[in-house]
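Below, subunit A partners subunit B and then partners subunit C, in two separate complexes.
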Partner chain A sequence: MTTLNQIGFLVRKDLRIELRKRESLISMAFFGVLVLVTLSIAVGGGRRVPPETGAGILWVAALFSGVLGLGRVFARERENGCVAALLVSPMNPGSLYAAKALVNLTLMVASQIVLVPVFFALFGQGLAGGLAAVVLPLLLLDVAFSSAGTLLSAVAAGTRRNEVLLPILLFPLLLPVVVLGVKASGAALQGKAGGGLGAVEPLAAFCVIYSVAGYFLFPFAAREV
Partner chain B sequence: MPTTSADAPFLTVEGVRKAYGGVEALRGVSFTLPRGEFLCLFGPNGAGKSTLLKILSTLLPQSAGRVRVAGFDLEENSAAFRARLGVVSHQSYLYHDLTALENLEFYAGLYAVADPRGTALALLEQAGLYERRHSPAAEFSRGMLQRLSIARALVNDPSLLLLDEPYTGLDEHAANRLRKQLELLRDQERTIVMVTHNLRRGLESATRLGILSRGRLCCMERRGSMTPEAFEALYFDHLERM
Partner chain C sequence: MMPRLSLTLSILAALLVPAAAAAVFFHAPVEQTMGVVQKIFYFHLALALSAFLSFAVACVSGILYLLRRERRFDVAGAASVEIGVVFTTLVLITGSLWGRSIWNTWWTWDPRLTTSLILWLIYASYLILRSAVEEEGRRATFCAVIAVAGFLDVPIVFLSARMFRSIHPTIITSDSVGLEPPMVRTLLLCLVAFLVLWAVLFRLRCSLLRNEARVRDLQFELER
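== the complex of A and B ==
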């Protein structure tokens, strides 16, 4: 059986359960919108915000809602010991990592389909760049977040306080991505031609590093899930 | 997995040790088991039964010693070995949000079974759960979950079946049904290793009996070599010496 088939089976299983229960997606989107509304009130409700601040607000909402989904990545596998059944199957543990990262990426993108329009509705008046300006940096954030977060979620899942440990481990690791992403989104929201494109290459490099490291390190972390 | 002659040991465990920090859970366990035998290992809590089963199922690496299945070292051929291994635990290993059919189809797919749906339906029929195939596992009783769990462990037609306390939480009726199912599997010439502290249930179906105490295999007997009463007396004698 090819690795791609294994990943396909795992992704289909997780998305089938998510579509049935809608536990992660609804909570991620709702929490993200809640963060945006709270920050909108904090900055004075309807007042113009500088593009850098706007970008920061969007990324805070995306990161916080993402952590909420990430915490559930291995919860289902731990219930009834399913992770043990996966690990005693002939499946390569890297396939489990790739499948979980893909599911998490899908959930993040789906929740941001709700978040981004809400962000522009609340903060869009003073921003020159449109919706398309933030799509690429956000997508790269999602890939970096899912690839690093899936590995750390497996590490944290083996501990008693995984929901506390996960953000403590994850946010410092994502700091370079967040800095680059906020700058790229800020430049894009200023409406400059090609604004933020300079940060795309290093952001993509981080995505590759996190994904490759996650794939190869996951078998060690999986024993602790 | 390559086959061996009928007389050659199918499962060989040689001096297996496992230490958690400074605590030794297994202190040099050795035994051999021919193909088609049903070994039941008894022992009190903390004897090292589940640790041994985790090592045999590749979930845990041993600190020392070797495990060979059909003549091949487990550590060197673990992926090929896992393809022919079935594991049943007191945990169901089932997704409660999926139906019985979806659960079995998913696992059959992971094992690259040629016809996942057909295999899943046949196993549900065998387990007496065909009528409930579209019910979520969350709606199943403990006994039904255990039957579904055994069906899950059989999706890859395993040659070695490992059972960890399969009678836990079952009422008398469900336990009797499980016993019949295990005896059927034994008669299909599958090699089975079951660990339990339930003497009565273990003595009913096994062809070989072993006692694990404080991480050591104290004895290993053929079922016919002593009466259940004599084995029971031997077991309690070992427990009292602990």
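== the complex of A and C ==
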């Protein structure tokens, strides 16, 4: 089995489980919408928000709904000793990382297909940029979130307080991503062509650094789960 | 009994830190525009550099632990993160005090302030993780992973923080040091004093953590 086959196999397995149980996707989308509605009421209900605030609101919703799904991605394997089975199988533990990151990425993108239209329905007035403006920054957020998050989900899954520890460990690490992403999508929502492109490069660098780090560090953490 | 090196370093730190404080107050001249508030800068910079050193040490010990699985690397990582978090806290507090009187605000989203705050949050979460895992081997592995992952964030944090405009003074650039000679001497003394203090704290915390682990080993053997 080549590495790509292994990854494809693992991703299919996880997505099949998700399709049958639907335990993550519905709660992720629902919680994200809930955050958007809460924030819409919190800023005064139907009031126009400046583009950067709008971008911030979208990113908070995306992060919070993402962390909900992330907790399950790895914790699922702890039941019935699945991690041990995966680690003794003739499979590179790095492929396990790549597969889990891809599954999480798929879940995030899928839940945002619901989130983004709801965001524009609630906050769309007064925003010059449309749907297309936030697609690239959001995709980069999803990749950054999945690459760093999958590594940390293995760490958090090995503790007794998985649900509490995961956001505590992940959010500080993701703060620069939030800064960069809000700048990039804020400029785009203002309708500036090419605005915020300066933030795209460091965002991509974050994705690359954490994908490589995750590939090498994940096996150490997964062995302890 | 303390090992001789720790004892020597402790005595040295006990002499150097008050000497540094004395130099700040009596040797360094009062800055022309900022007045006496500027004197906080000497401790601020020395603390910031020592804090950054801690996180670098934690990252290197993390890598070494993952490769060799020896207890001493876990202990070194834990000790340096503890000191680093304390020092970063002091950096943020001294910076805030200075900023309140010079910038007229406790906090601003300047690159260096943002970087310090994010580093503080990352390594504070490391300490929370450390207290949440009981089993030694597992805790050491997880902490090593977080120490490495946290340090990898530093360049990105700094790049991202550049998105905010900077009002933080840059004193030392590659071509010049914007300080009077007595100020430079004071700064160097503060730096040495805090590095020695760092070394003392590091050695003491390491030996304490090692003894803790040894006691647990003995307890484990007794129960068996």
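By our rule, the second predicted complex is superposed on the first by the 225 of 225 C-alpha atoms of A that agree within 3 Å, B and C clash if a C-alpha of one lies under 4 Å from a C-alpha of the other, contacts with A are read in each partner's own complex, and residues count from 1 in each chain.
Here is the rule we go by: contacts are C-beta pairs under 8 Å (C-beta built on N, C-alpha and C of every residue); 3 or more make two chains touch, one makes a residue touch a chain.
Remember, predicted model here, so these are calculated numbers, not experimental data.
When the two complexes are overlaid on their common chain A, residue A:Arg160 makes contact with subunit C while staying clear of subunit B. Look at A:Phe220: by the touch rule set out above, it reaches subunit C but stays clear of subunit B. Using the contact criterion defined above for the overlaid structures, shared-chain residue A:Gly45 touches neither subunit B nor subunit C, since it reaches no partner. Residue contacts after overlaying the shared chain place A:Leu151 against subunit C, while subunit B stays out of touching range. By the document's definition of touching, of the two partners only subunit C reaches A:Ala205; subunit B does not. Of the two partners, subunit B and subunit C, it is C that touches more residues of subunit A. Residue contacts after overlaying the shared chain place A:Leu175 against subunit C, while subunit B stays out of touching range. Shared contact residues of subunit A with subunit B and subunit C: 223.
Contact residues on subunit B toward subunit A in their complex (touch as defined above): 57-59, 79-80, 82-83, 85, 87, 89, 91-98, 102, 106-107, 109-112, 152. Across the interface of their complex, subunit B is touched by residues 1, 5-6, 9-10, 13, 16-17, 20-21, 76, 79-82, 84-92, 223 of subunit A.
Residues 66, 114, 118, 121-122, 124-125, 128-129, 132-133, 137-138, 141-142, 144-146, 148-150, 152-153, 155-157, 159-161, 163-164 of subunit C are the ones that touch subunit A when the two sit in their complex. The touching residues of subunit A, counted against subunit C in their complex, run 148, 151-152, 155, 158-161, 165, 168-169, 171-173, 175-177, 179-180, 183, 198-199, 202, 205-206, 209-210, 213, 217, 220-221, 223-224.
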